[in-house]
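Going by the order they are written in, the chains are A, B, C and D; count residues from 1 in each one.
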Amino acid sequence: MIANAYELIVYILTLFRVYEPLLNVFQALGAEYVLRIIIVLVEIAVLFVFVLLTVMFLTWMERKVVAMVQSRYGPMVTGPRGLLQPVMDGVKLIGKEDIIPAKADRWIFTLAPFIVFIPALLVFIPLPFGESLIISDLRVGLLYIIAISAISPIAILLAGWASNNKYSLMGAMRAVAQDISYTIPLALAAIAVVLLTGSLSMVDIVNAQGGAWFGVIPQWFIFIQPLGFILFLIASIAEMGRIPFDFQESESELVAGFFTEYSGMKFAMFFLAEYAHLFAVSGIVVTLFLGGWTGPVLPFIPVQITSLVYFLIKTYAVIFFAMWLRDTVPRVRIDQLLNLGWKIMVPLALLNLLVTGFLVTAGVMV
Amino acid sequence: MNPAEELKQKLPSAVVSIGIQVNKPMAVIKKEELLNAAQKVKEMGFDHLSVITGIDYMDHFEVVYNFFSYAKKQNLALKVITDHEDPEVDSLTSLWKGADWLERETYDLVGIKFIGHPNLVRILLPDGWIGHPLRKDYDMDTEQFVTIGEGGEDIVSTDGSNLLRRK
Amino acid sequence: MDPVTIDTTKIKSIKRKPVTALEKLEDTGLISTVLAAREREGLILLSTIDQVFNWARLSSLWPVTSGLACCAIEMMGVAMAHHDIARFGMEIFRASPRQADLMFVAGTVTKRMAPRVKQLYEMMPDPKWVIAVGSCASTGGPYHESYSVLKGVDLIIPVDVYIPGCPPRPEAWLYAIIQLREKIKNEGYGAKWGLNK
Amino acid sequence: METDELIINMGPVHPSTHGVLRFKLRMDGEIIKECTPVLGYLHRGTEKLGEMKTYLQFIPYTDRLDYISAMPNNYAFVKAVEELAGIEVPLRAEYIRVITMELNRVVNHLVSIGSLLMDLGAATMIMWGFRERENALQLYEMLCGARMTFNYIKPGGVREDIPEGFIPKLNEFIKDMEKRIEDYEQLINTNEIFMMRMKNIGVISAEDAINYGMTGPTLRGSGVNYDLRKVEPYSIYRDIDFKVCVRRECDSYARYMVRIDEMKECLYILRQVVDTMPEAKIVSNPKYGIAPMTGAPSAVMPYFPRIFTPPAGEVYSRIEAPKGELGFYVVSDGTTKPYRVKIRSPSFCNLTAIPGMVVGLKIPDLIAAFGTIDVVLGDVDR
């Protein structure tokens, strides 16, 4: 049993008979920890590249899905079916002039995109992409994820404040109000899942959903926790700040929200963080409610690969749903959104938690 | 009886003459009696003030008000004649809220002052624009340029060097 | 002999394929760029980095959302399903000029709007391009005699491509976009900022 | 709790002001305390140009007033001139005019609803709207070669007769459009979020609407049964059967629904007009237009003189444009150029009501209310 990606790399290296000699070399030098650090760095690099590629692909996919709904083609000229479009956007943004407005707070203005971008990557650490494809199986994984996502409102507030622009500030205020009021139902809905599994570890949560009723219906928590799933989905879409809840950058009201004044690479970081967040949240939804990487085991193919494929398929289904939603519904108003959050979703989430608690205590569930 | 005649009957002192403006009845009103006449017109059921037109006739100005009655489905035009030196008429904003912008526009482009208007400033052209373009003696040869001041307000000048690109 | 058959070899000989950089440039038909290149002894040195960046820039021109008048409706028409400039990766209309590369001056620039247009242009980060759309933005067009219309937006900001028409047809827009892409393709890094001189 | 007031400038370059309008907003947090529209960023001096151009030269300028629905603008000016000069118009020309104007009403409402939905955050509707608009524009191209600015209606008739194949294509368009409107209604009308955004937003009572001088769908959304096509029938509207679409809710949703209903009504009118169109191919008044040309493809080719002098006099003539009551006050002094042209534009007068409508609401509501007023800045600033 391989627990995480570190062990997986060691296993692969052992398979090719490289690990032992390498370890001997480093042991001879008395610096075994260097090898460990190198492996961890490799791990992180792989994750980073994977996430960046996914994010780029997501921007392309978003544009294609929108085009599809609106009976257009979407990007076509750059690369086959416009696949190189996100690369071009990225390279162009690197080459753009980086403007810092004269009246902006320079340090905070520069710092904010990083504070948004780094947590967006950190979220992936306890997220299992597949059997043993996890950087670190934290025992408080879910708590860690919720905590890390709570950093981004601070950064958004910093960005909005430092820009010295009224639209930015209003966008930031809205974003923070929205994030805070939706993190609560999000967390409450997630806690119901934790009650069922008795563990905050993401791997444990996935493993708890591994079985099947009557050998056919998978034991996903969506079937046990339908209300929780809906609440979690809505809250996570709101937390991502996508239509119908995209107040932070609602274009027709606040020009571009909190990143109105950002240009070039800093803008690109917001952009990337947004899509990384989309991917992460979809992954979390899949892990908590849709059985994570579980699925039928196929012969002759390593379980790591099949599980990764299952995870990606489910995640992309959720992402597609979010994109589809964006094309069909208008934006709600900020006060309506907060009303929905505090007056409907929080009570419902509490109710859900209560009922789940009862049933778990009574031994009906699990 | 068409509405212009009716108005003349009710307010004989105000109406100078009545006539027809291509199948629409029209009454020429004394300048001083405009507010009275408009009040009467509103009482007669003409609740829709369609348009206010100021016309420069070189020696005098005419201000034409076109009314319509939703209940009676009738048209009526009132015309006021003012002198050219200092064109002033009473504002109808107290009777029709819609008159607000129409009067501002007439002030802006023709230069007729409306007494009693709450906010008689230019509406289409920026403040400080020299002349009223729809007057016949407007100087079309002098180009005026607009730049933005510190507080975001428009500054009009005939010198465009701040704005125009150096060639 | 079959009269319909076209001798393709002859056509090739008429239109020679451009080989040198200058020939390639002349092939695009962009007069100003060609003249500028000739001034610099006909040499345009494009390093690989330049080429990569130029390719990226021409492939993702994000326009700023700024419609001024009639042409703005046609701008929407170009962006919509029928003509779909998303094919060139241009459907991301940024409301904030800080994130845009291209400005369509779509419509009549009045005296009162002129400083705002200029401000908008100045807010955009380099490198940036401007397309003057329609006769109003190019010369004042039908409103040339008016007291309140600026006679061409090139009086206040530099313009890369002009589109005639009132308003121009979407096909004309697409042609202008292709022309602009060609222009960007041949831009040296220094050429834009006058470093090559 | 007292907070500092915030002054926000929306526009003139802002995605949801439909052009170059500017709102100066005094805000208390998210709530609008005062809204002052600042106009004039597209003031092109059209009225002055009217005095400098001849009657026929001025027709193209009317196209550029309300550039989304240019045909009614054409017609409104031409109608004023015709009333002034007492020109008779052949029946077929009137039919063609009505076809073009009703088609333009459909186009206008498509753009209006589309941009409203885009401002609300649903970008799909505008794409769909423009898809159908493109079909209508192709019809216009067949008719006069232009997509948006037509210069098609002339005193005494229209510039050219409808080309062959126009009517079948129009019928196809009507048929297609009827299906599409159902699609739109499915997409939007029952959408919960859309209702939340539109119901009870931007309420204006019938009395207020009349007092502000609002007209068109905005007035009919406030429950006033008023349509110039019924009240003062011009052209051939007297003979056409249609109903005036009225809603009594007075809010943004009512105004939106009036537009959807009107589109259906337009298609109904178009069907009628196409069915009863006279056969005689005379499309302009012989006195003012037709010079018989031998050997021309059709027996009579419309021809319009460059110089055209109506008798001295003044006229105020108005029509029901898609956005409301469009009037032209034309003063003629008996020369080739008008002495004064005053344009009563519906957008300008409808916009008057916005400051009163949105106090106490939020910025998103301002956008919803403003979107349903349906303003074109070329028409506001002129």
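We take it that a residue touches a chain if its C-beta (ideal position, glycine included) is under 8 Å from a C-beta of that chain, and two chains touch if they have at least 3 such contacts.
Predicted model only: the values in this text are computed from it and were never measured.
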Spell out the chains that contact chain B while also contacting chain C.
D
Taking each chain's centre as the mean of its CA atoms, which one is farthest from the centre of chain A?
B
Using mean CA coordinates as chain centres, what's the gap between chain A and chain D in Å?
47
Can you compute the centre-to-centre distance for chain C and chain D, using the mean CA position of each chain? Integer Å is fine.
32
Whole-Å separation of chain centres (CA-atom averages), chain A against chain C:
39
Length of the line joining the C-alpha centres of chain B and chain D, rounded to whole Å:
24
Touching at least two other chains at once: which residues of chain A meet that condition?
70-72, 251, 255
Set of chain D residues in contact with two or more other chains
14-15, 40, 43, 45, 48, 127-128, 131
Please list all residues of chain B that touch 2 or more other chains.
125-126, 133, 138
Name the touching chain pairs, please: which are they?
A-C, A-D, B-C, B-D, C-D
What residues on chain B touch chain C, complex-wise?
125-126, 133, 138, 140, 144-148, 154, 163-165
Chain C residues touching chain D in their complex are 65-70, 72-74, 76-77, 80-82, 95, 97, 107-108, 110, 112-113, 116, 120, 142-143, 145-149, 166-167, 169
Within their complex, state which residues of chain C touch chain B.
111-112, 114-116, 118-119, 145, 147-148, 154-158
Interface with chain A, chain D side, in the complex: residues 6, 8, 14-16, 30, 117-124, 127-128, 131, 187, 191, 193-194, 196-197, 362-365, 367
Touch list for chain A against partner chain C, complex:
63, 67, 70-78, 82, 84-85, 87-92, 95-99, 251, 255-256, 259-264, 267
